[in-house]
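To keep things simple, chains are lettered A, B, C and D as they appear, and every chain counts its residues starting from 1.
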């Protein structure tokens, strides 16, 4: 029953404390395992709700309000000052990176002029009551990038974000639902939110976002709150929502999103055609011809016809369909999904320690026209590991094995193709060993290759590509 | 065991008699039910093998030789004289309608010049030892068109044909297998055939044709015969075959083919994605998010990993996959397949009686600048039926119902798009009634519509489009 | 002064006689030179106006009415009976080959249903007052094909045709002008025509057809006539026209058209870019850089600026432009135009004599599985010539020489690509000699090649491709 | 005579002095007129050769060596340290921004791996004797961007650059010529250059770059020098060149290029088709039909034919061609060229003063959720001018007038479309006045508009888009 949330949300009346974001990020940098790091950051996001109960009781099930009475809780994540700085320093383009919108008298409009969004123009729109949506703050704010790049490892699914700035006394968007899990983080001011239950079973965890609704289509809200700075509002995909500013305060919030097209059905869309192709290759039953006369009793025009052959036909067809599971290449389908995720990923924001122990800090340089320190001294006792757990993945394509990775991705969504390279047969076992050893460092000498030369060449390649770091900084000459 | 076929094929030593083809076609024109007509023509094709035993013992299972000792059996179907006439009268283009080929010393070559194939050039190639393959004789020979257009109704799948003319002492093609059921009808001369069993389970009833094989790849033939005029050789897709002419005789045969991409698996390719789409719409389980961490234990890189979550994940995924059958829109998928078949179909060759009682013989004409006899007197007692059983089919698309039909198809494969028109809601029941009444004529008055006006308007529309004929010729004014 | 035409057209009051069309075509078949044949057919078309005065005084200048008082004059060209036969026998598709139109109360409409146009439907539309336009009668009527294929040689430009059938008391089209020279040949009934002078200089001999006009946009007609069967109405492109039927008679006419995009400017569109490319290759002046600062005084924003450099810049630019003529590859540009024409051409309709002496009557055949008479005995004294003057043309492409030809064209516009083949260097002179010798036959021995083998191989190739015929029928063995 | 250059180049033996680049750029920022500024920067580039004599005697004519005996002359433009910094800090991608090449034993190779170019990998290639070419240093170095963005205004044509770093004792590229004017600026080390005259008239100022040549194809150099840091080598497009490093020194140089496709012929490619279109619209002579029989005497197959009509035809055709000049829309064609240039342009690097007096320094901001200082107080006496002379241009398109501009261009070539907006009719004169007033500031009150409201709205629009700056900083509230 969502209604109870409204009256008695997870609120204590007492201020919920938390570390300042920059302190937290500095501390997280010391967490050895990137997946653990991701979990801790997500815990901070939903604190004081425990992780386990969040995913058991709330996630994909119902909205949740976390009231903190602590306007400083999310401080440092994003601010209007940062927004203004971005407009001044970066090439923000209307319609590409920034939308100017309004929702007045039931009418939703977009007001983007062409070209670069300069503060003079942007704040003029804002003064005139328009809302601003910054579409990919992670491309402009290193903190947002860092937070999302950590969280994506927790979700196993792309973590995205939009920033919304709304003038006092206005609303920028019509009621609608989205196709993502939404975490609304109030950063400044306050905003009045109304959240509505999915209107029917069909709109629970929907596959696609809705169009804009009129007020008459959505009924009464199941949750109505005024979100204050430091509060969090979560709701699953399918929950209709609208937010407007009270006359006395503007609102700045960032919405973090995930789990777009990340359902069992989405995985089945990879798996099922592959299973059928497999079955047709391997199982003669699938290649046998249809009955000569099936068109005379099957099909919509015969749906009211009585014919004993119908049941027999359907039964055989559905038995083949069930038999498909036998041929389902589950791991290959998961890999297809994984590759899409790797392509969606933000590249990692390296910690100073990661930086220092990886190729990004190699002292290699040019001096007086001569290259210096370009030889990394990799020895049997040199200890290495992947820079992050979720940074790379072995996938097979035909007979070849490829390592797909995120380190050359762009902060701009899909600006680069998915990057990968072939792993030589003599390196495959070692690569798998390295992946599974994470978060532990392993010595190059312990890699399962035939010779040290092979071990070192793999280590060098991975180091050169920026995929691993060493336990102790390498020596160069 | 195919080998026995070779030693003791279905031969009696006695001549197998049959009606002359033109007599047969004239008789078939009197068969009231087009599907029955199709069956009888197929029976003639495989006579004296009974239909039932053919489909029970041979079809899709093994090659069969029907030896008739009667060079006249297939007379009238096609001939070198007809081939020559076509070259003279029709616009046969090299590479489009005719291939000039050779297979000498293990090397298969194509010798098509550009442009129109005139007899002077074609017979010169032939004299020099090249084989000729006429690719779609149904576009040039009305008899072949007629035979195939009848047979397609028996198969419920496109019936195609190629004609092969080979000079004495030569071979035109390398050994290979096809992806169709093949009926090789020897028309003139004789040909030495070698047929080989599929080389492995994987090549039984294969999905696609093979490349050309070298002799060393195919082993020993399971069947070796010299086909004489009047004989039939059948083999299923996947059986490798090669034919060459003896030094003393040329060969002319026509290969009739069917069942290309007409397997249970081909139907599943329509059904399975539709089932998944349905399931995602209707069943929340399919829309629920994947586990947060499934990428850490699933996928090829984890295939050797021991992890209890793997089994659980796989089990749930496969249980969803099996549950798909529950949402499988079988009839809609059959309709998709049916529409492809209708698009593949040859248009019907009307019998004189069909012609006389349909729009094609309406006396409507223009005379002295005035249109005459353009009103067909459709009365409640006027009796109508579809021109052929397989000529049209009701298919639904969203909320609308369409009638797809073959009457405006071309003799040239896929030259026209699939033709259809929307059936008005007030006509749907009557249309279904009409389809299911075939082969009986029904009176217009008995059509299940609300008024005679509606009944007559449907009858008029179907008459105008050439889809129905009347029991008695209509009166016009 | 067009107005005089209306009052006293080229009419005598006396019947103008002419040969029946089939007699004329039989006689023309005996005219040795195809170009002369084309001229004679055109003379018949405009008889009794002399060819010379037509092209001097009327062509591209003003409308002309040729009144003949002889309804039989064009008999045999086309008729409503032929129209009806075509609908019955041929695959005429609405919207592709046939348009159903109306123009009522100033509103022009098209009423095409989908699919094949059967007489029952077509004449129903006609009865209800719709006009019918058959779009390419040459594809269905061998006489129209024959007439147009002869005339195209006279025009040196594609000759097209449409047939229009209009019920009594109706009009099918709104007033408009076309981009072609129009010859309106009244075949049956009568039609009331109003022709209007181009509305301005800009619309004289326009490049493109007009939209439909309202009556208020077009002023008063300069010519108003009732065209009777046997009469001809000609008007140049740009002359607005509309025709409607009197209440007492339907109308059938065929419009023969030519000279679409066949102006000096159209040729310059081939020539001018080629000239500039040539000039840039050959003349350094064209490759020299523009002045550093030309953008500061040239361009629209500087058009009111006084600057002495402007005149100097413009003068140099225009002097280069005039210099282009020096590099103009006139013959190559003409060849580009010629190739487009050859692609547009109808294939020739051969006369019985042409047929008998060309490859189309070669006795080559297949008999008892053996090719007979496939060797044509070409001897030094064998006399050959092109089948028609306009049937083929030598064009160079880079260093190679190609023979482009029309014999494999389709009766359907541009259904086939332009057909051509490379002429071997040793055959180029002979090919040119053969082309220029037309209409004379020349002996194969007289062809300028190095050996008789080369001569015979060229003759054989051209014979095989259907491009030449022989003076006496060839012997074959 | 280029040979003399080799022996006695423009060298004095005495050191040529010049201001440090950063000092020069600071001083240039004070030059009121951006075009003057551009000229002065180019003067520094070729100092001590006077501008006038350079463009009179050398530009597009012959190579020139400017020997300065002053390794510091170009200091600050680019360096290996800067190269290394870019690799560390920026996302340099192999194959996109950086090429790794070698030329050994007459064989030119490219060695780009996929992905990001990190210093560790790059300097390893370099150590192994590979050359590095940084493809668009202006995207990574603000100084290069600044220099090129100023120079482009001098050239009236895009100014591009590549940086080349070559290890001692190696060569990175095969001999070839380019299609641009090249200024080779030696930054570090030294390089041995051989320059060869164009091999024929056809290769003087060529339209396109050459393939790689072998040594045997290029003959003897006309100029052979060792370029030292601080020296400049210029050569026009078409001059073959190759450079290699002596065994004792590496080489770093930047090549600045311009005048690609900026010839009179390139302008004619815009002008000539437009002139023909114009002529066909305005001049009936161009729309008149070609002679009926021109294909019988014109064209390549008739080139040897004697026919008096040929001369007449050609004469008329060429007279029309010459008449084209009469219809040539010179200013419109220049505008087409100008728009391409504006699209090619780098955006301006603003000086602190320009920044301070333009929208980029507007104090407009957001504070406590409220927009501040978003109203710019534009008064009649506010003085404005374009930020740069070459920053914007009025072009007409149909009846509308557009202002095309470079301020929203990207440092990455053609990353953005050409940006423009429509100028309202009431603003057109004022816009033109403002453009022509440059470099003078004009008061908003003096703009030729009907009302102050119109004047202010234009000024505000241009200010907002970043196209103008004010004489005194504006007041905001």
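Heads up, the rule we're going with is that contacts are C-beta pairs under 8 Å (C-beta built on N, C-alpha and C of every residue); 3 or more make two chains touch, one makes a residue touch a chain.
Quick caveat, the model's predicted, so the values are computed rather than measured.
J.: Return the chains common to the contact lists of chain B and chain C.
T.: The common neighbours do not exist; no chain touches both.
J.: Averaging each chain's C-alpha atoms to get its centre, pick out the one most distant from chain D.
T.: B
J.: Among the listed pairs A-D, A-B or C-D, choose the one whose interface is a repeat of B-C, with over half of the contact pairs the same by residue number.
T.: Comparing each option in A-D, A-B or C-D with B-C, the repeat is A-D.
J.: Centroid of chain A to centroid of chain D, CA atoms only: how many Å?
T.: Comparing mean C-alpha positions, chain D is 42 Å from chain A.
J.: Measure off the straight-line distance from the CA centroid of chain B to the CA centroid of chain D, and report it in whole Å.
T.: 64
J.: Need the CA-centroid distance for the pair chain A / chain B, whole Å please.
T.: Averaging C-alpha atoms per chain gives centres 50 Å apart.
J.: Provide the list of chain B residues touching at least two other chains, using ranges where the numbers run on.
T.: Nothing qualifies.
J.: Report the residues of chain B in contact with chain C in the complex, numbered from low to high.
T.: Within the complex, chain B touches chain C at residues 80-81, 83-84, 88, 91, 114-116, 118-121, 123-124, 126-127, 165, 167-168, 188-189, 249-252, 359-360, 362, 364-367, 369-372, 374, 376, 408, 410, 419, 421, 463-466.
J.: Contact residues on chain A for chain B in the complex?
T.: 35, 55, 59-60, 154-157, 181, 201-202, 204-207, 259, 262-269, 271-273, 275-276, 279-282, 284-296, 298-305, 314, 316-318, 320-322, 324-325, 328, 330-332, 334-335, 337-338, 341, 389-390, 393-396, 432, 435-436
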